[in-house]
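Following are the structures in question.
Next, two complexes with chain A in common: one pairs it with chain B, the other with chain C.
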Partner chain A sequence: MNTELSPSLVKVARMTSVRLKWNRFWTEIRRDSFCYLFLAPFLICFTVFIVVPVIMAATLGFTSYDGFGSLRFIGFDNYIALFTQDIIFLTKALPNTFLFALIVGPGGYILAFLFAWLIHQLPLRVRDYYTLAFYAPSMAGGVALSVVWIAAFSGDRVGYLNNFLLHMGWIDNAIVWLQKPEYLLKVMIVVSLWISFSVGFLAMLAGLQTVNRELYEAGRIDGISNRLQEVFYITLPSMKPQLLFSAVMTIVTTLKAGSISTQLTGLPITPQYAGHLVINHIDDYAFIRFELGYASAISVVLLLVSYFAMRFAYRLFGSKEEL
Partner chain B sequence: MKRLLAFVLLAATALLVAPQSTHARIPYQTTYFDSNRSLWMGIQAVYKPFGAYGDHFDEPVDLHIGADDKVYVADKGNSHIFVMNNDGTLIQTIGDEEGAGHLDSPEGVFVTPDGTVYVADSGNQRIAVFSADGSFVREYKKPTSNLLQSEHFVPIKLVVDRRGVMYVAMNASYQGLLRMNKDGEFMGFFGANKAQQTLLNWLKKAVLNKEQLAKENPSLPKPIVNISMDQEGFIYTATAGGFGSAAIRKLNAGGVDSYKGKLFQHSQGIVDVAIDQNGFLYNVDLDFGRINIFDRNGTVLFAFGFTDNNTQQYGVMGFPTSIGIDSKSNIWVSDSRTKTVHKFVRSDFGNDVMNAIVLYGEGKYADSKPYWERVYARNEMFTGTYQGLGKVYLEEKDNAQALSFMKEAYDTKGYSKAFWEIRLEWLQNHFIIFVMVLIAIGLIIKFLPWGIKKLLSRWSLPSVFKRLVADLRNLGYVMIHPYHGFYKLKEARVSLWSILLILAAVIGMKIITVYTTGFLFYPVDLSQINLLRILGQFVLPWITWIIANYLVCSIKDGEGKFREVIQGSTYALAPFLFFSPPIIILSNILTLDESVLIRSLTTVMYIWMAVMFMVMTQVIHNFDFLESLKNIAITLFAIATIWLFGFLVFGLSYNLYDFFYQLYKEVNFYR
Partner chain C sequence: MIRRLRRITPFQVILVVVFTGLAAFMSLPIVFILNHAFKPTNELFLFPPRFFVQNPTGSNFEQLFLHATNATVPFSRYVFNSVVVVTLTLISVIVVSTMAAYVLAKYQFHFKQLILSLITLSLMFAPETVGIPRYLIISGIHLNNTYLGHILPALASPIAVFMLVGFISQIPGELMEAARIDGASHFGIFTKIVLPLAVPAIATISIFTFQGVWGDIETSTLFMQDETMRTLAFYVNSLLSGLQNSVAGQNVAAAAGLLMFIPNLIIFLLFQRKVLETMIHSGIK
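After this line comes the complex of A and B, so read on.
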């Protein structure tokens, strides 16, 4: 933005350049103060509720703090302990989260697009009802979880899944789906896939409606012969912003998923740490053991991970100009 | 000449007649099961034949070892129960010549701890009870019950629990064990086997109507052939057939099998099962003709023994009918063909091994150490030792030692644990350096392409290399933009050298993968690798794919030329080249806990490759999407046919070659 700089200013001695820049910054702000006034409500809220907590968490990560006593600065010890001592984090939380995010992230994303596209094919009259039906799970998440899924995966003979399998003769005894370590993570993945029709799904539906209909006709003239090509060559490229948005939302929701396991099993820590995700680990240290410093360190790591995941999403879906 | 021949013959006979030096070799090979590699391997004897008893037997069909280690043998031929001391001397005969105590071909015997003898008197269709001194006490006839009206009461085996409740196996009954209380009242059937529910049956049930179903052979449960009971009162049933699934069942009071239909190795023709005080299972099997030892989880440990039709040797069985184990862990086997009862005694080696396994199974790793070490001194090949000692070292925090032992035992789980500990220790000592190296690697990856570009711009390569480099860079481009990339490839003419270079790189990568993938993810003995075969399995499908793809698509109006198919198929291998190095590196760093990373990377690699091949077919032949899917399916079918044809031709021509080779040898020999 230094096109307005007059050439004479460049020649000013180095000593004063910092002060000069500061002055210029203030002049610019004063000149644009009207814009900043409009921005102020957002900026203040953003700072107070987002920036400050993040910075506080980041600093808390360098301390040992139990919530009652005084802070004790311990440098990088929390991080070193996290990657060298914390067996549960390294052997359970990280691999579980990786697998969970790997399946639920892209899986939920693709499902969301698929259903949004399918609903988009419906006539306008009924479309809204279907949309509501599909969006309902994420609105009524907690309640539906206990009503539908806990009943379905109930460990006794009357649980829907057990009942079905027993009826078909495929199993002999009822399986305790939600307490057995080998099934819990899979059940969690299924449930999360179902819940994952959230904001991303709506954004995609909106995105589908923004696609210019004339493009389809143009494409047909240019030799597009089937629906799949239409989706691939016209729909997807035209709704890149929505795709990006919902990818970011998916990444955030999958990485911060964690309450599902506690809701499904009814235990703060899942049996044998089978469904232990990073968020559960943070909860464990923050609200069960009250090692707030350590928990903050973990959340900082999680923040970094989600930042890089988002960078990756921008790489994939962002157009070159936005980067 | 004739005289010479006679002399030679005489000398030969003399040699044969002269007493040879004899060995006290055991007439059978003992083997153990290496569960980590699923292999049977030879080992020295765990049990040795000790003796065979019974000049008085005619057809011993069942035996039972009493609480005082007396051996009770039911002799169907003689219609008597013989009682032997533990050294094999006959001390008592049960069964009167006539009257109520007369037995008629008894097939089963059970003795309660107080010495009361229950006999399944199948000829008289009753259960006869004798007191400890051999006098007849009472009999149980067929209980009266509506449920039993059509049933024949021919008891063949039985056990009696502490309350005096009898569990009777009846001849060829699929309903399970008949349960009768002390007073002879019917208490219901118990522990019936499950009927075989196959997919075909299920389908029939869904499709056929009632009349048709009635004509089908009903799938009845298999009859129980033998019963045993352990000291805690669990009932074990032996059921032959079904490839050993649920061959042995451990039933609790509710009739529920705690092995849950587990598959028992070497138990397809199971005859009987015995349980020792440590919970080990011993069975004798007619199909394999051997005695097998299982641990308490039903995992097979050892197999020994041998059956022969006309045996004259100690330790070789003719037709084993029952097995029992006494309190000194001696195995007794009744044998109706040789009309004897064999006794096998545990060897010192066997004692050490079994004690070590008991302690190991109970988690007393430190206690088991001296036993394992004694086993190790006697046999360095037994992988159980390595596993056991590995666990001991792991417990003692001697991780390096544990690692090497676990590797020797091919125990990936234990290896993973030991490796985890070692890696953790290393990380704790070198964390700062580790992070710095990671950052350095990250920077190198970020700036390497830029540096290479710079270098290339400074020294311009000769034009041949330039083309090569361009071709290689295309590899990356095709991988990320398959549609556009293959379209460009279709027009371009990639030089032969680049293609060969890429193929060589892929094969080189495969070799590197085979030899440097971490032990945890490729647990094989590197010296046992048959590289040619692995490469063959890797290269042959690719070549057949090219041929089949070209043939099929040229019939189905594909545009691709043969050169283009080769080109495309080579470039489609790109994901393998790019994904393998990180997989190899990770496989050497990660443990089984983090295996999900490697598994997902590998899955992504294969999916990516499949997509590349699909896109290649579509673009090169200018198909539309569905058409190319169809053609890929046809191509896969063509590959299968080519292979089938190849096998046929190879097999037949090998036969022909073999014929001529044998002929040549024959002619050569008698020339």
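After this line comes the complex of A and C, so read on.
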């Protein structure tokens, strides 16, 4: 009897083990129900307005779609075309973006930390004013700044930069800063560095406040002699989350930069593609040529690039266990 | 007073001097806008160009406001819309993101890693390409021409949550354990311990959320077909398109820019003080 029943017994046992796991899963879910309750408002909005649109956009990358109906599935054709035929993407958008990101990204990041740290060394009462002075350009936003930059880099003698250089006698003729391909990208980099003190800068400033003062005293007892050592051994390790946040924001904003060239030149496509970044390329295909499928494919590639840049940042700050 | 003076080291003196120069250079654009907005037309065409305004006039602002009174929608309607949208969004973003971040930073549960990695991944996606799917969703759930259409998309703010998670995870767990032993509920811990200690981070996210929502034209352009539901940023931006290459429009543009900048400045001044002050006295860590 016993031998006869044994196979079904095993089955029952397996069944119960699955059910047991399932039950445990449910009890855990129920135990953590307040977690899900707290998360719910954010998660719902996040899913509806970010996750779903992104998935929809990523699917569009495999289609040929002009925004008016005829959605045609074409597999990897968009990606193949992007890397084999799109000359402007390969010779202009990609190199420009990398150059731009390599200078503005690390440059802006280091500048932001340097100035945040220096501001932190100032007496408490005046800190606010300096923070404001550095943060204001990025606060003014696109509308305000396009007025400024156009006046500053204007191509005739009335432009402030031209006027200054002519006055000093360093140039003989006014330079058309924003229309000449050889200057445009440089102007863009300068302007971007100028306005790079944004969210990351604020996060670093806040992070510097959280560093425990007693650590500095302890460090001094342990033989830290100058401020540079202080920064490396105490300040930087103590504000890892803020540094990581700031790094991520820098990567994201530099790779997503694109409106800057439009603001400067007033044209969606810059002269001879001199200031053409990947985002401009996306805008070109999405909103000028209405090839939404192709544009989505490009943005998926951009997403992958930023993903690997991000992985690099995580590795750099080694905080896998924290996030 | 004497004690305070004595504490300032030579290093700080040099720093202040160098920094004042740098800060002045950095704030040139703002000074420029401020001056440009009050310039009468004849000063715009001066050669050599003058940085500072000689005879300030308010006519640029007058022009900006009058332009709207001729149109069907009064200027005040745009301002009202902006104020309503920004206020509601700011409050809800703070509440929603802190709640989510608190749970993500301090508790272990299923799907936590998945949610965290989704949030970091979503930071990277270029918003340009999700415009059309977003429009389809908004019109699918009938949020066109409602204030919710402005507010709900902004509620999903992965940047805010990402930043708050980093901050809240720094709050020592012992503090919460102690509170729990004293009989505090999850909600009690959240309101009595996490919220007060996270004020600097909340101030920071408020600053950039305000900035983002105040200057946002995407929701007005894509989701609002009714002119009466659009915001100030949209109105200002629509005035400015095409002004880029003409000197004559620059003063109106600067006036508009100033108009958009001032609220940002006020919010920044209000919240930044919180960022700098709270942590110093809170005895965290």
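We take it that the second predicted complex is superposed on the first by the 282 of 323 C-alpha atoms of A that agree within 3 Å, B and C clash if a C-alpha of one lies under 4 Å from a C-alpha of the other, contacts with A are read in each partner's own complex, and residues count from 1 in each chain.
The criterion applied here is as follows: a contact is a pair of C-beta atoms (placed from the backbone, for glycine too) under 8 Å apart; a residue touches a chain by one contact, two chains touch by 3 or more.
Only a predicted model underlies this, so the values are computations on that prediction, with no experimental measurement involved.
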{"item": "Chain B or chain C, by number of chain A residues touched", "value": "C"}
{"item": "Which superposed partner A:L292 touches (first chain B, second chain C, both, neither)", "value": "second"}
{"item": "Which of chain B and chain C A:W22 touches, first, second, both or neither", "value": "neither"}
{"item": "Partner chain in contact with A:C45 - chain B first, chain C second, else both or neither", "value": "second"}
{"item": "Touching partner for A:V148 - first (chain B), second (chain C), both, neither", "value": "second"}
{"item": "Which of chain B and chain C A:L90 touches, first, second, both or neither", "value": "first"}
{"item": "Chain B versus chain C as contact partner of A:A140, first or second or both or neither", "value": "second"}
{"item": "Chain A positions touched by chain B in one structure and by chain C in the second", "value": "none"}
{"item": "Residue ranges of chain C touching chain A (in the complex, touch as defined)", "value": "7-8, 11-12, 15-16, 19, 23-24, 26-27, 29-30, 32-33, 36, 47-49, 51, 95-97, 99-100, 102-104, 107, 109-110, 115-116, 118-134, 136-137, 141, 152-153, 155-156, 158-159, 161-163, 165-167, 169-170, 186-187, 190, 200-201, 203-204, 207-208, 211, 215, 233, 236-237, 240, 244-245, 247, 250, 253-254, 256-258, 260-261, 264-265, 268-269, 272-273, 275-276, 278-280, 284-285"}
{"item": "Complex contact set, residues of chain B against chain A", "value": "194, 197, 202, 260-261, 420, 424, 427-428, 431, 591, 593-597, 600, 624-626"}
{"item": "In the complex with chain C, residue positions of chain A that touch it", "value": "25, 28-29, 32, 34-36, 38-39, 41-43, 45-46, 48-54, 56-57, 60, 67, 118-119, 121-124, 126-137, 139-152, 157-160, 163, 167, 194, 197-199, 202-203, 205-206, 209-210, 212, 241-242, 244-245, 248-249, 251-252, 255-256, 258, 266, 279, 282-283, 286, 292, 295-296, 299, 302-303, 306-307, 310, 322-323"}
{"item": "Touch list for chain A against partner chain B, complex", "value": "80, 83-85, 87, 90-92, 94-95, 98-99, 102, 169, 172, 225-226, 228-229"}
